[in-house]
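For reference, the structures are reproduced in the following blocks.
One chain, subunit A, links the two complexes that follow: it is found with subunit B in the first and with subunit C in the second.
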Partner chain A sequence: MENEQVTEESTPRINGNLMPHYITKVVRVVGQVEKIFNQGNEPRYTLTTSDGVSVTVIQDEGSATPQTPYVEVVGTVINNVTIQEILLVDFGKDFDMKAYDQCVKLINGPFQSLFV
Partner chain B sequence: MLSPTRKLLKSPHSSSQSQQSQEVSTVNSDILPISSLSRFSPRNWKIKAKCTFKSNPKEFQNKRTGNSGTVASVDLIDNSGEIRITMYTEQVETFFPIFEVGKVYTVSHGNIRPANKHFCKSEYEAILTSDSKVVKCSDEDVIQTQSRTFLENLDRLNSDRLVSAMIDIIGVVHTIDDLTHLPTRNDSSKTIAKKTITLIDDSNTSIAVNIWGPKATTRSFHVGDVVECVNAVLTEKGADRNISISESSEIIVAISAETGIDQNSPSQATQREIELFEWYKNKPAHLEIKRIEGKAQALGPRKETVAKTVKEITTTEYEFSDQGDFVTVSAVPTLTRRSNVWYMACPNEKCKRKLPDPTSDDPSEQNLRCHNCSWVQTENSQPHYRYLLSVLLSDHTGSIWATAFDNIAPRLIGMDAASLAKIHEKNDDKENVDSILLHSVLFAPRTFTLRIKKHTVDTPTQGSIDRLNVSIVQATEQVDTAAYSNFVLGKINEIQQKLEES
Partner chain C sequence: MGPMNPSDKSFSSSPARAGGAYGGGGDGEDSARRYGTTPQTFVPLSVKMVLSTTKEYTNQPFSIDKFELSTVELIGLLLETIVNGNVIIYKLDDGTGCIDVRQYITTTGEEQIVTPINTGTYARVVGNIRQQGETHEINAFQVSRVEDFNQITFHILLTIQAHIQRTSILTHTDASFVPQSQNQITSPSGQAHNQQSYHGNQQTGNQSFAVQNTYNTYNQHNTSGLTREESLQSACCDALEHLNNGDGSTVLEIKTYLGDRFSHSEIDTKIKDMFESGTLMSGNTFDRYRLP
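What follows is the complex of A and B.
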């Protein structure tokens, strides 16, 4: 079910400011891990997106916690600041967030038609 | 009974004949200024103008309509403007020979249409038909011609805006070089004639004028001639800026130094030309003349190394100097030359020259000898193997061949040339030169630092062309993706800005 969701729909790359546009949609967000915590029984973590917005990710059951400082989350946008995780990829410790954010702006802006 | 001839006299033709004679006497009032001609002019327009240019008749074939024939044009100028007269096939035969550059003609009848601005300076073009008339006026019949299209003085040629533009200039012949023949670019078995003269004017500037083709051999000049260059192109190549007179341009002697300005039959020369003629005759013996020159290239290799894409290198060839400039490119080797990957070199530290192959097949003479120093191959002294690897570097914009010499190739390949040569001699199926190059060099993206030199080469088939000498100076193990991303983002930004500005 998860894999179907990921492969059938397109998963646009977004940053924090674009979240409101994609509520209920499946998106990809790259962020720097801030805090790993528990809300009741649910394991969660917060990320700082490439444009400096703080986002909470509800970890998927059976999925591992983030191992590296930079991660990519594929998930459903619940609200402006929350994502339900579907898939997590560790991106290592070297990542140029500024270049990535410029890229996200180009992808969602003037060159959107190239990426649908 | 009326005789047939009398009947003819009484026919309507006789009345029009008398009308015609009336027309002839009032012919001057029928002449229209060229600037008044447009598509809406009545068919029977008539102009009187000086011929400034005659093209060479060309064969054409219109694939769409299936028409073919010859086409030729002349440019005419009067006091109000210029117009191009174009003739096809039959009209070329009838009218083209009548025209002579510098003489005045009355031309009437023809179809007027807007001219193709790429090939024609004037607004409109008149196509002559079988109804057209072209009459040469006598040499005494002088008309005023518009001279504002000429550049005020030669000093204006310093303006960068005019480079590659089609312009008209007037100047006085100051020096005349000998006729030379150069091989043509496309076919070096043919040669093209070239004659260079320099023109100066009262702004104390001089410009070289290169005349190409048949005009170079047929036209002759004298020092002191006042000439007009019409439809000439200001070309610039490096520090050399000059005027080019080719097939579509014309150079006319307005006042000849030999005959001068004849008081009895006033010449067709303009006020400006007369001014220049007098100025040249009376100019001081030692005149400080400034030559028109282009922007010279920056001397010496550039100190900073610029990051570029492959296309930027191949399309800005003119930027590279003879000494060599440094450029970095993040690219992938996609092809290597599989033969002659290494060569034998003299082991003498001071020499290191490539050793030529043994000249004879005699087994006793198989020892290599250095032609530069006195080294000879012996049992104790063996030649060195050195790399000469040609690699095709590709990125998303294009590909370019580069050479990796012995300073950098061992790092790319992972072993020195001698080891690779040994593996080659073993003749193993699995481990051979190809497989090693494939695993080590090919398809591994790196950031290459290239040294690029431009040099001119005389080829047997293409004449004199510029080639880039590209050698690899340094190569990283991997491409720094963050740096490369920023480089590409910068390029995208540049393009977006350019689009916004235009």
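What follows is the complex of A and C.
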């Protein structure tokens, strides 16, 4: 079950630059949807993460596509710039990416002990 | 799983926050005494922090950073919603961990006041921490849908700021230290912005000064307010930023920059931990590290 994958362990909030350190791990990434497309039978979309990195998100066949410009993806990091989606949460059309990225840096920096 | 854009408007936005994140809030009192003995009334936390709270005796309240807790606030994604009689049990995940939230359904006559929130929705939870066997859970007074997702950012900032203030108070023995009210974040222009207005969705996009405020608080108490572990990590980040030469820096270079504040082995261990957790990247050679 999808939710069980999420609850097995914590799912750190990261940005695009931190992805190389979380390969095979389940993470949370917030980004702005740039393009929705299909490759074979796999629906995909590209995101620009809070720190400006372009990331491809692979969905399962039949998954619903993002409905708003900003989304949060909970998924497994496949490689430096690819995530396999587990959960998708629409974050609306007014989301402050700059502030969120500062938060991600605090969470993964000096205040890691509170969140990670 | 598909997208989860909340559309059910049956839940009102957040109610007025009684008191500050730190109860009382009257400036000029003996803050050390006040904070040391009075349970805080409204504390923003992460799930990880809730799970780390402890209590010395069964009948005592939970505490964190040596401060007693009363009401806590969490924001996270609801992974599960179960209605069992007059109780709704949510599984809340904020990325730092997962916790059960229990909310009792109340009714007035025929009308049900509390309605379950769908799985896959971000929710704001206000309640008490309860011990359930070996684990913790939240006994919620209120569970409301997050309509503005900037609240997630804001909650994280408040959680950090509250932690800084708690740990700062612990190291300030003189009563002159009075922390800033948790309910007010001041913009660079000096204009006070009430947290309630944010939760009322009237402050979207004005978080840059909230971030700055948290950084300022962090910098202000950098040497005295943080735990040694946090100070060490912060110092390492500062050193790497200052020494930035593109190739990365060695532990020895960081140690030289930091002087006698921390030992070589402390720095070495911390840098390796930070590297393994992804906070740092490798430099040009295996013994060099740099910030992402």
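To be clear about the criterion, the second predicted complex is superposed on the first by the 114 of 116 C-alpha atoms of A that agree within 3 Å, B and C clash if a C-alpha of one lies under 4 Å from a C-alpha of the other, contacts with A are read in each partner's own complex, and residues count from 1 in each chain.
Going forward, contacts are C-beta pairs under 8 Å (C-beta built on N, C-alpha and C of every residue); 3 or more make two chains touch, one makes a residue touch a chain.
Note that the coordinates shown come from a computational prediction; the quantities given were computed from them, not determined experimentally.
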Partner chain(s) touched by A:Q102 [first = subunit B, second = subunit C, both, neither]: both
Which superposed partner A:G92 touches (first subunit B, second subunit C, both, neither): second
Subunit B versus subunit C as contact partner of A:I23, first or second or both or neither: neither
First, second, both or neither for A:P110, with subunit B first and subunit C second: both
Residue contacts with subunit A in the superposition, subunit B compared against subunit C: C
Which of subunit B and subunit C A:I36 touches, first, second, both or neither: neither
Doubly contacted subunit A residues - partners subunit C and subunit B: 94-96, 99-100, 102-103, 106, 110
Touch list for subunit B against partner subunit A, complex: 482, 485-486, 489, 492, 496
List of subunit A residues in touch with subunit C within their complex: 2-3, 6-7, 10-14, 17-18, 20-22, 28, 63-68, 70-72, 74, 86-92, 94-96, 98-100, 102-103, 106-116
For the subunit A and subunit B complex, residues of the former touching the latter: 94-96, 99-100, 102-103, 106, 110
In the complex with subunit A, residue positions of subunit C that touch it: 1-5, 46, 48-49, 77, 79-80, 91, 93, 95-98, 119-120, 122, 148-150, 152-153, 156-157, 159-160, 163, 204-205, 207-208, 210-211, 214-215, 218, 226-227, 229-230, 233-234, 237, 277-279, 281, 292
